[in-house]
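Single-structure report; data block below.
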Amino acid sequence: MNDIVRADGRTTDELRPVTIERGWSDQAEGSALISFGRTRVLCTASFTNGVPRWMAGKGAGWVTAEYSMLPRSTNDRMARESVKGRIGGRTHEISRLVGRSLRAVVDMKALGENTIVLDCDVLQADGGTRTAAITGAYVALADALEWGREKKFLGQKAQPLIDSVAAISVGIVGGVPMLDLAYTEDSKAETDMNVVVTGRGLFVEVQGTAEGAPFDRSELNSLLDLALAGTVTLTEFQKNALGR
Amino acid sequence: MNDIVRADGRTTDELRPVTIERGWSDQAEGSALISFGRTRVLCTASFTNGVPRWMAGKGAGWVTAEYSMLPRSTNDRMARESVKGRIGGRTHEISRLVGRSLRAVVDMKALGENTIVLDCDVLQADGGTRTAAITGAYVALADALEWGREKKFLGQKAQPLIDSVAAISVGIVGGVPMLDLAYTEDSKAETDMNVVVTGRGLFVEVQGTAEGAPFDRSELNSLLDLALAGTVTLTEFQKNALGR
Amino acid sequence: MNDIVRADGRTTDELRPVTIERGWSDQAEGSALISFGRTRVLCTASFTNGVPRWMAGKGAGWVTAEYSMLPRSTNDRMARESVKGRIGGRTHEISRLVGRSLRAVVDMKALGENTIVLDCDVLQADGGTRTAAITGAYVALADALEWGREKKFLGQKAQPLIDSVAAISVGIVGGVPMLDLAYTEDSKAETDMNVVVTGRGLFVEVQGTAEGAPFDRSELNSLLDLALAGTVTLTEFQKNALGR
Amino acid sequence: MNDIVRADGRTTDELRPVTIERGWSDQAEGSALISFGRTRVLCTASFTNGVPRWMAGKGAGWVTAEYSMLPRSTNDRMARESVKGRIGGRTHEISRLVGRSLRAVVDMKALGENTIVLDCDVLQADGGTRTAAITGAYVALADALEWGREKKFLGQKAQPLIDSVAAISVGIVGGVPMLDLAYTEDSKAETDMNVVVTGRGLFVEVQGTAEGAPFDRSELNSLLDLALAGTVTLTEFQKNALGR
Amino acid sequence: MNDIVRADGRTTDELRPVTIERGWSDQAEGSALISFGRTRVLCTASFTNGVPRWMAGKGAGWVTAEYSMLPRSTNDRMARESVKGRIGGRTHEISRLVGRSLRAVVDMKALGENTIVLDCDVLQADGGTRTAAITGAYVALADALEWGREKKFLGQKAQPLIDSVAAISVGIVGGVPMLDLAYTEDSKAETDMNVVVTGRGLFVEVQGTAEGAPFDRSELNSLLDLALAGTVTLTEFQKNALGR
Amino acid sequence: MNDIVRADGRTTDELRPVTIERGWSDQAEGSALISFGRTRVLCTASFTNGVPRWMAGKGAGWVTAEYSMLPRSTNDRMARESVKGRIGGRTHEISRLVGRSLRAVVDMKALGENTIVLDCDVLQADGGTRTAAITGAYVALADALEWGREKKFLGQKAQPLIDSVAAISVGIVGGVPMLDLAYTEDSKAETDMNVVVTGRGLFVEVQGTAEGAPFDRSELNSLLDLALAGTVTLTEFQKNALGR
C-alpha cells in the first residue's frame, strides 16, 4: 500500500516535514511555533498562580485551551469571529478537544492551585491544524510547567506531567488510508479521523467521521495503525524540541 | 463480564428501556418523542421546499440539525442559552454531530432542492441525550421525507434515504466496558464513547474520549463490540416505530 | 350568544379540553405538562435555597419565570432565540407576565430566602400559550413549595401561597366575544385579551389589545365576564390536579 | 374622592402640567418634545418612501416604534442597553406597545408603501414615560404624514389617519384610584394601569397589573373612568399643538 | 483669509452660536444642554460615592464617559446600537476621547474614591458633536463636583479640578482652513482635526485626519492657530455658564 | 538631547531594529511579517475582485483593515474578543486608523471595483503595534496590487498607489521627546503621539494624547520633528523590502 505516491510525493504512511520552534514568544511562560508542512500554529502557554473561583480551595489546578484561526490563514479569507460577535461551532469543538487532550496528561493535584491556558492560533492552514495545535501545545505546556517550578509555584518534587501527548489526522482518500492529510486530501476524504495518543501509546481521543461514505471495522483498524505509528514519530520530535 | 449487574439492574451489554412515540407533534412534518430510560428527547423534522441561497441551483438538498436542552431537563437548572445570548461549545458540538450523522444516510441529489431541519430538544436528561437524539431524529426524518413525497416535493421514485442510522454511548466504568451509560455511570466513566452506526452496520462516527484514564486498543475493541450490538437493537426499534 | 358554534364545535363561552399532567418531570421539584386543546406547555418549578445576591439578607424570597417556544412548536419553524443570540420582545413580555402573575399569589416573606424559577416551554402551540403557561406554572409552583417544606427550607407553618392563579385568553372574533381562542381564531380577532385571575376571583392582570378595531366599554365588559367564568373552571382543574 | 390632595398638590383626577413642543427637531419629518410634569420625552417620526422587503408589493405601509431611556433620565444612572449589548424586557415591551398604539389609528392601505419609524427617547423620567411617548408620538406622526403629502409620497386625498390616539396611566395608591401617576406614586401603587384611547373614546390598549394586591371589578371600573376623562384632555392638547 | 464667507455667513475663524443651558436635568448631579449651531448635546454627570472594584483602596477616583447619538439626531435615521446589539467603532472612539479629555483636568487623588460618569447624548447633529460633548461635559462635571462637595463626599479643601477643558473642530475645506465645521463643511473637508485644549491653553488631544488629501506642516500650523483661538472663546462661555 | 541613552541603549531619535519579512504567507495575495524591536505584526492583504454591494457600479474600489492582538502577545494574557463576543474600543479605533491610513495612498478609481482587506495581527506586542501594522500593511498592499495586475483585475497602466505610507510613535517621557516608544516607555509617557506620514512627507494622521500632562506647542513641534525623521527611515525600509 505504501508505494502509492501522493500529490506532494509522500507515501501513504509518511508525515509532512515537522518543525517545532520552541520558545518563539518572549512573553509567554511556554511557547512553540509548530509546522506540519505548510500548516503553522503558534502555541503559547500562560501560567497563572491561582485557579478560577469555582475551583478554589480544592488543591487542584486547571488546564484549558483556546483555538483560533487568523482570518487569512486559509486560502479564502474568513470573517473574524470577534467581528461576527460569536464563536463558531468548529472553533468551540476544537478548543474543547485541545483542552481535553492536554488535561489527559496532567495530574491536577500535582499541578496544585495553578492555571494554564493554552492558546493555539493558526497562522497558516493546510490541513491538520487541530493535531498540530495539540502536538505544539504539549511543548508549550512542558515549558510553562518548568517555569512554574522555577518560580516556586510548583513544589520541587511535583510531577504534574504524567505522560506526553501528540495528535495526527488520518483518513481514507480515494479508498486508500493515509497519514497526516493536507488540505486538498482532507477536502476529498471519504473518512477523516483525528487521533490523540500519549507518549506511552494510549488513546486519549479517537474521532472518526464519515464525510463521504461510512466505513467498516477493517478500515477503522487500518487508520488506527497509521495514527499510532505517526504519533510515535511526533513524540520523538517533541522530545528533541524539549532537549530530552 | 455480562453477569456484572449495574445500579439499575442491567447487565453490561443491556440497553435501557427504549420507547419511540412516532408522530408526537401535530405541527411538524415528522416527529418522534424518544426515550432511553429517563432520557427523553423530542425530535421534529421540518421539511421546506427550497434550499438556502448559497446552495440554490445545484439540484441538491440540505439536512441540518439543532440540539438543545430545556433548562430543567437536568438535575440542577441550567441557564438558557437564549438568555446568555450565546450557544455553548457542547451544544454546538452535538448539533453538528446530529446533522452529520443524518446527512450520512441521505442522498442529497435524490432529496432535490429541499431542506430538512431536525430539532432535537431534550425534555429530560439522564445520559445518552445525543445518541437518543440521533436515533429519534432518524424516525422524524423518515416521516418528513414521506410527507415530501406525498406533497410531490420529491419524485415518486426518489430514494433519498440510503440507509438508516442509530447511535449509542458506551464507556468504561470502574474498568468495565458498558453499553448505554446512564448519567451516574457517565459521570464516573474513565472513557466515554459515542458511536453512530448505519442499519447496515457501518460506522458514521466514532468519538471516544478518555475522561479519566487513556485507553488501549483492546479496550477500544470491546467498546466497539458493545456499540455495534446495541445499534442493531436500536435499528429494530426504529423499524418497528416506522411500521416497516 | 352562546349558540354560535365555532370551527372546533365549541360554544363561545366554552374552554378547549384541558389536561394537567402533574409531576411530568423526574428532575424538577414541581412540574406540570398542561394542555389547552392542542396547545401543550411543559412547566417546571426549580426550588433553590437562597436568593440572588441583591436580595440577600432581607428575609424574603423570589419567584421568577422564563417562557420559551420550541422552534417547531408552531406551524412554521421559527429560528431559535439562542441561535439568533437574543431574546425577542414577545418572549421577554410573556416571561415577565408569567413571573408577575405567580408572584401575585406568593407571600415573599413567608417564602423566606428561597428562589423559585418557573420554566414554561411550549412544546406545541395553538393559541393561548401564555395563559396555559400561567395556569400550569401554578401547579408546578405549589408542588415545589411542598417539596421545600419537606426539605425544611420552609417552616412547617409557613404559608407562602396566599391564593391560586389561572389565566385565559378572550377576544372578539367577527364581532363576537369568545373564550379561549385557538390560533386560527386569535389570528383574525379584532381584539385579544389575556386575563389573569386568582382563585378568589380578583384580577392580577388585564391585557387587552385592539389588533384590528378599537373596542368600547361594553365589549370590554363582555370579555371580562367570559374570562372570569373561564378562570373559575381552570381553578377547579388546578385543584383536581393537586388533589385538593 | 377628588378632594384628596396628592404630594404635588393635585386632586386624584388631575393631570400634571402637559406641554407639547411641536417641531423640536430640525432633522425629523415630524417631532414633538412632550412633558407630563417632569417627565420629558423626545418623539421623532421618520418618514421613508418604501417598505421593508417582506411587505413590498402589497400596497400597504408600515408604522413601528422604538422606545429608550437616556442613562441618566432616572434618579439612579442605568447602564446603556447598547453597552450591555441587549435590549431589556421592559424596553421591548414598551416599544411594542407604542407601535401597536399608533398603528391602531393608521389606515395602512391609505398610507401606501411608506414606512414611519417613531423614536421615543426619554430625556427625563418621572413616571408615565410610555403614555407620554404615545401621546407625543401621535403629534410627530401627524406632522410626518403631512410632510409625506407635501412631498407627494401620499396622494392628495389619502387619509391615513383614521383617528387620534393618546394614553395615560392610572393606578390605585393607598387604596385610592388616581390619574397620571408620578414616579413616587407609581412605585408604591397596588395596581398600575396604562390605557390607550382614541380621540373618539375607544380603547386601543388596557394594561392593568396588580403590583401589590389583586383588584376587583369595581376598582377596575374606577380606573377606566379616570383614564377616559384624562385622555379626553390629552386629545385637546394634541389638537392645540397641531393647530387644529 | 477671514473675509471668505461660508454658507452660513460665518468668517473662517468664527464659531457658530454657542449656548450652554446649565442644570437642564432635574435628575443628574450636574448637567448641561449645549448647542454649537444646530448641534445639540445633552451632557449629564453622575456622581457616585465609591469606585469600581478594580480601583478600590487606592484613594483615587475615576472619571469616564459615554457618547451616543439618538437615531434621528441625523438627517437620515440610523439604527440604534442597542438594537444592533453592539457599539460601533465611531461611538467607542468618541466615548474614549471624551473620557480622556475630562480626566486630563481632574486630579484623581483629590477626587478621592468617587466615580463620575459623563453621558453625552446627541439630540441633534450638525457636525462637531464630539467637541460640543467635551465642552458641555466640562460644565456638567464642574457642577457634579460641587454637588459632591456639598454632600461631603469631597473634602472642603479638595481641588479635583486642575484646569478647564474645551474642544473644537477645525478643517481644510476647499483649500481653506476653517473653524468649527458644520456637517456640510465637514463632509467635504480634505482634512479634519479635533483639538482639545485646557483653559490654560495646553493641548490635551490633537487628532488630525486627512480625509481627502494629506496635509503639510504649514497647514497643520494654521489649523492649530484657529483651534487655539476658538477654545479661548469656548472657555469664556464655560466660565459664564458656571457664573465664574 | 540626543545623547540621552534609553533603557535599551538607543538615543532619543533612534528607531528600534526594524525587519520586514515580505511574503511570509503562502495564502495571502500580499503579506509581511514586520518587527519593530520585539513588536511583531503579521500583515496580510486579501485581494477580492468586486466590491461590497453598497459600492457596486461606481467604478471605484475599497480598502479596509482589521487589527487584532493574539491573547498572549502581551505580558499578561488578555481575553479574546471573540470569546467576549464584542470588539473593544481600542481595537475598533486602531482598525479604523489603519484603514484610513492605507486608503490615503490609494486612488480608488484606479483600483477599480476591487476590494483589499488588510489584516494586521499582533503576534507579539512591545509598544508601537499600530504603527508597525500600518508600515507593514503598506508592503502587503503593494504586493496584493501587483498580484491583481498579474491576474488582470487591474489594468496594465492603472496606478492605484499614489504614494507610500508609514507610521511611527513618538512621546514625551520624563520631559524628553523620544522616537518609537517601547512598551515600558509608552506606559510612563506624559504625552503619546502616533504620526502617519506618506513617502513624500505629508501627514495622513496626527494623533497626540496627553496621558499624563497637557503639552504645549513647542513640545508638539519637537514630536513632529522626530516623527518626520523616523518615517523617512521607515520609507527606506519599505522600499528595500519591496526591492525598489
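Quick notes on this one:
By written order: A, B, C, D, E and F. Residues from 1 in each chain.
Here is the rule we use: contacts are C-beta pairs under 8 Å (C-beta built on N, C-alpha and C of every residue); 3 or more make two chains touch, one makes a residue touch a chain.
Predicted, not measured: the structure shown is a model, and the values here were computed from it.
Listing every chain that touches subunit D and subunit F alike gives E.
Most remote chain with respect to subunit B, judged by CA-atom centres, is E.
Ranked by how far their CA centres sit from the centre of subunit C, the chains are topped by F.
The rotation relating subunit D to subunit E, fitted on Cα atoms, comes to 180°, given as a multiple of 5. The geometric centre of subunit B is 51 Å away from that of subunit F, both derived from CA atoms. Centroid to centroid, with C-alpha atoms defining each point, subunit A and subunit D lie 59 Å apart. Taken residue by residue, subunit C touches two or more other chains at 85-87, whereas all remaining positions touch fewer. In terms of inter-chain touching, the protein chains here make up one closed cycle, each touching precisely two others. With subunit A taken as the origin and subunit F fixing the direction of travel, the chains line up round the ring as A, F, E, D, C, B.
Those residues of subunit D whose C-beta lies close enough to touch subunit E in the complex are 25-28, 31, 38, 42, 44, 46, 48, 66, 68, 70-75, 77, 80-83, 85-87, 91, 117, 119, 121, 123-126. Against subunit D, in their complex, subunit C makes its touches with residues 86-90, 92-93, 95-96, 100, 104, 163, 193, 198, 200-210, 214-217, 220, 224.
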